[in-house]
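Okay, handing you the structure first.
Each chain gets a letter, A, B, C, D, E and F, in the order it is written, and its residues are counted from 1.
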Amino acid sequence: MNDPVVVRQIERPSANLIADLQRYGVSTLHEAQGRRGLLASYMRPIYAGALIAGPAITVLVAPGDNLMIHVAVEVCRPGDVLLVAITSPCTDGYFGELLATSLRARGVAGLVIDAGCRDVRALTEMRFPVWSRAISAQGTVKATLGSVNVPVVCAGALVRAGDLIVADDDGVVVVKQDEVAAVTQAAEQRVRKEEDTRVRLARGELGLDIYGLRQKLSDLGLKSSS
Amino acid sequence: MNDPVVVRQIERPSANLIADLQRYGVSTLHEAQGRRGLLASYMRPIYAGALIAGPAITVLVAPGDNLMIHVAVEVCRPGDVLLVAITSPCTDGYFGELLATSLRARGVAGLVIDAGCRDVRALTEMRFPVWSRAISAQGTVKATLGSVNVPVVCAGALVRAGDLIVADDDGVVVVKQDEVAAVTQAAEQRVRKEEDTRVRLARGELGLDIYGLRQKLSDLGLKSSS
Amino acid sequence: MNDPVVVRQIERPSANLIADLQRYGVSTLHEAQGRRGLLASYMRPIYAGALIAGPAITVLVAPGDNLMIHVAVEVCRPGDVLLVAITSPCTDGYFGELLATSLRARGVAGLVIDAGCRDVRALTEMRFPVWSRAISAQGTVKATLGSVNVPVVCAGALVRAGDLIVADDDGVVVVKQDEVAAVTQAAEQRVRKEEDTRVRLARGELGLDIYGLRQKLSDLGLKSSS
Amino acid sequence: MNDPVVVRQIERPSANLIADLQRYGVSTLHEAQGRRGLLASYMRPIYAGALIAGPAITVLVAPGDNLMIHVAVEVCRPGDVLLVAITSPCTDGYFGELLATSLRARGVAGLVIDAGCRDVRALTEMRFPVWSRAISAQGTVKATLGSVNVPVVCAGALVRAGDLIVADDDGVVVVKQDEVAAVTQAAEQRVRKEEDTRVRLARGELGLDIYGLRQKLSDLGLKSSS
Amino acid sequence: MNDPVVVRQIERPSANLIADLQRYGVSTLHEAQGRRGLLASYMRPIYAGALIAGPAITVLVAPGDNLMIHVAVEVCRPGDVLLVAITSPCTDGYFGELLATSLRARGVAGLVIDAGCRDVRALTEMRFPVWSRAISAQGTVKATLGSVNVPVVCAGALVRAGDLIVADDDGVVVVKQDEVAAVTQAAEQRVRKEEDTRVRLARGELGLDIYGLRQKLSDLGLKSSS
Amino acid sequence: MNDPVVVRQIERPSANLIADLQRYGVSTLHEAQGRRGLLASYMRPIYAGALIAGPAITVLVAPGDNLMIHVAVEVCRPGDVLLVAITSPCTDGYFGELLATSLRARGVAGLVIDAGCRDVRALTEMRFPVWSRAISAQGTVKATLGSVNVPVVCAGALVRAGDLIVADDDGVVVVKQDEVAAVTQAAEQRVRKEEDTRVRLARGELGLDIYGLRQKLSDLGLKSSS
């Protein structure tokens, strides 16, 4: 029922769709799609300022075993994001400079891993972005099969191969492949509205007025005292 | 007994008192006031090097709900620090670029929140300092009342509106409003004494001698072996 | 059976051995010695880019009490690394600018502490590197004896006085004193082999081929689907 | 894209299939289906010895808000298991004696909630079983919509309405609805095989021999020393 | 400003008031007083079924140091609850069988400690109830002053000497001394209302109807699908 | 340097020494040996009331891999305690009913594991005691070598094969093999002294007087206020 498998051919959103989507950050996209698809907040970038967007190559690994990451490399295409889920919690350093070199050679945009990574100084110098649960020098073995490009739960979010992964300083979000266009549109609308709000707030107007909250507060019974 | 309320008028320490106090860092002030008033060490700045001091506008919010932060903005004056406590643990991103824009327009010095914040790249570029428990893109709703400027427990410390909040790379400390002058004086004494100690230590003198610890060690029965 | 004691004379590896070893990072050395001796991944540097290697002066302290760190300073020699273990979990700020000044005056390379430190801005400006479990302004007392240069368990790793401590952005590893030469040699071999692998990976060769994993995957029964 | 919705009609496995499956415990079923579908180990029963199996009614709630649990009650049928997922981490007490009374009146078998519950003494006396992340007296509001019977990620596992939930002292596992028969069969085979193994182990035979591990250990190069 | 002090005379609620209040559990009282005063959910009883209510004798201790608990014993009267707060997180076993014997001799109802306790088997056999953050055999020293009967923050809640502490299987709540009568009254009203609701729910009525939620759901825009 | 190895012959304390030691609980022994050798407080028994004492068979395992536990069974003798350390944090269920059956057949007293166990209901019914970090149905593989009867760090404590492990409701402590007699003697002295103290405390005498703390409090400058 659960035979390990590598799915080699996956659907990816078109380059145009990806280019459109990647103008927006994680928080905007998460809002734009109705607050779904956010990975847990323990997923942090190894250096500040990184920003990626690309289709997920999903990998399911066993604790302390990075065999399937090596398998997944072969399946990656330029612009992909490697996303590694795990069968039980582990902080080991599954990924370091050598795997980053290999992924870079294939044009992979970055790594998202619900476990640890290492060689973070070298990765930072290479500007190969990684979002991980931990940083750990602890190496892994290559003994146990897992799967590539099956649906996985990574840091609490369901990800299917080819879904778009966007990651920045706020964290990591997944956008379903068939919703990329709609989410992009919603994000654009949100950004425009926020730009207007930003100008008004910068001028000193209050959110209470802009968002029309005063009536709600009154209805809820908020009292003031001086 | 616990009706949500907004207290609009609060006492604040004088500008002179604040100016005097803010020459000292969190660790010094925490020592100077007898090791009270430190928020839990999980409260971390979103970027290194930030340093603020100002009177607290306190906000008590429900999990996943930032309604009361919007209410609190209106109460803030230039130099204030917005301090957000929560009724139960939550890591959601209550605060981002728009609220920071609004607070900056009102001259607020920074935010301390026992929950999450987002848009950290924009906040960093704006140099709007935030100390938070988490970074998370997860948004919040505006549905539940809380209170503004009532006494709160934030990250384990009791804070009353108008108490001074000081925050830097070491964390966040609260100084009671009626103790600001005394704490400033104690901090100044401590800094002077430490300056002398620093010079002696830099010269190679030992803390064992400067602090007179050798007798104590002997009394306690410490043995040496070679 | 457990009288507190300060061991004043310890064996240290020769300067040449240390110089040879410190060309390698934590992840490489951890691999080179068979994946032993890594401290827990919660031990993080207070600033990025620090790198130290030196013999351990071990200190065992009580929670909230830094008396024995002062005792240990006197025992340190240039190039040593002060390593502080604790009898039960504590995040207090045992160590700050003054102790760093004192250690620097004695030529100590850095601090590794399974507890908290403070004054991190000053420590960063001094470029005095610290790996710690927490950052906390909470000060400590000087009331309870512990030991210096006895074997300790620090963040899950056994450390004896004079063992080599190496720390960088990936964490902290301990190399047993009598294994320094052998580990250096193994690290050198590993680095050479990795350099070759890096070139091949950068060219686009796959780890699957370089590491000869295809047969193993086939033996394990991995299936492919398109 | 993510409008809150209540799906009122769901498919459930037949009573016979459920009856067959529920003869096996969580660990056995997790193994039988290839080690998929286990909820995180922080999900613990409020009292020892409880054991349930039934189709999931899934609920997605906001932090601190149990509105949708009330909505879900109406959709439950006898034998169902209410499974509550959350949009971000929260330990509040979403569920207590009154909701348990309501669920019991509808014949619901138990509750699985990735948050907190309360009234645990009353729940224990009622023998209404709950698996939760926390026990907390902190109440919740009824302000924010969520969904019922949409696919959710609960404590790291993907659950669809009508999937079978099995929970005991080892934790909680989900079995996909269309795999119930196959998993039952695999569980039965596993149990039979284990029964045989148990008898041999009880007699003093070794797992090394029963599982044929000696050759593998030899191949891997394990050394012995006396 | 923060000289350690023992306050020997405190106000306590009358025996009648306490007797009235203690008919209600923690969850009910927390609700009755507007969801204030709950200690963090990590505070757990060492055995199930314990239930206490009594005025707080507050103790503020240093990490790893139980000196002030011994000081506090002398101040306790029959029916009091000893409540121990800590200046920074610690899991040491501050309290065991001997201190329990001493407290029992003075008629103390139980202990609430934001740290660890030990001898839990003996405490369980004595039926001396303890709510703690941890169980740990690690002993403490008697070296550092703290205070008795000053206001403290314990597990996130502000407690003043003489405030009522109620603890059961759901956790620990503090009721302000001058609100005991009002909270008791509110609790009684709540219990009566819940009793009616329980009967209706047991009969099969739905919370949706009893609480009048259908209109709200409709207003919020909840959709149904079959 | 770190070749996996099974050490088959180990020294054990004599049966008489073990019998003498096991009259004391974990907290007493931890005190008696100068507060060394305690495992971290996250190590909890799967059921209350268990109590074991026996020489350690140490096992070092990889995350998610219980191969070496099977190897260790063969080395166990009646009365031994199997103690499992791990190379990096993992909560998987390494151990269940079958392994317990095998260990019981060999007369093993119990298991201490710095990871997870499963089948806890069956283990409880068998009264096979386990102290573990977690309970998890997640199974493990049998792919990676480790070692048996080498020194390990388990839950923060150094353990050598043949050291005595004592575990009860307060946790787990290790007593060095060559100190068993001395620790037993110290424990006996402590128990006698405590028995006397218990009688005096039960009579209402105060620890302040029995331990002679009043002078110390006065010297430290404790103030009283009424």
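Here, a contact is a pair of C-beta atoms (placed from the backbone, for glycine too) under 8 Å apart; a residue touches a chain by one contact, two chains touch by 3 or more.
Because the structure is a prediction, the values reported are computed rather than measured.
S.K.: How would the chain D/chain E interface be labelled, same or different, where same requires over half of its residue numbers to be shared?
M.R.: Mostly different residues: under half of the interface numbers shared.
S.K.: So the centre of each chain is just the mean of its C-alpha atoms; given that, what is the distance between chain A and chain F in Å?
M.R.: Inter-chain centre distance comes to 42 Å.
S.K.: Give, as an integer number of Å, the spacing between the C-alpha centres of chain F and chain E.
M.R.: Taking the mean C-alpha position of each chain, the two centres sit 31 Å apart.
S.K.: At which residue positions does chain C touch at least two other chains?
M.R.: 3, 35, 87-89, 91, 136, 138
S.K.: Which two-chain combinations qualify as touching?
M.R.: The complete list of chain pairs in contact reads A-B, A-C, A-D, A-F, B-C, B-D, B-E, C-E, C-F, D-E, D-F, E-F.
S.K.: Going by the contact rule set out above, which residues of chain F touch chain A in the complex?
M.R.: Interface residues on chain F, with respect to chain A: 62-65, 87-92, 136, 138, 141, 143-144.
S.K.: In their complex, what parts of chain C are in touch with chain B?
M.R.: 3-9, 47, 67, 70-71, 73-74, 91, 93, 96-99, 101-102, 104-106, 116, 118-121, 124, 134-139, 142, 145
S.K.: Tell me, which parts of chain F touch chain E in their complex?
M.R.: Interface residues on the chain F side: 25-27, 30-31, 35, 38, 41, 44, 48-49, 168-171, 173, 194, 197-198, 201-204, 206-208, 211, 213, 216-217, 220-226.
S.K.: Enumerate the contact residues on chain F facing chain C in the complex.
M.R.: Listed in rising order, the residues are 1-3, 33-36, 38, 40, 87, 89, 151, 153, 156-158, 179, 182-183, 186.
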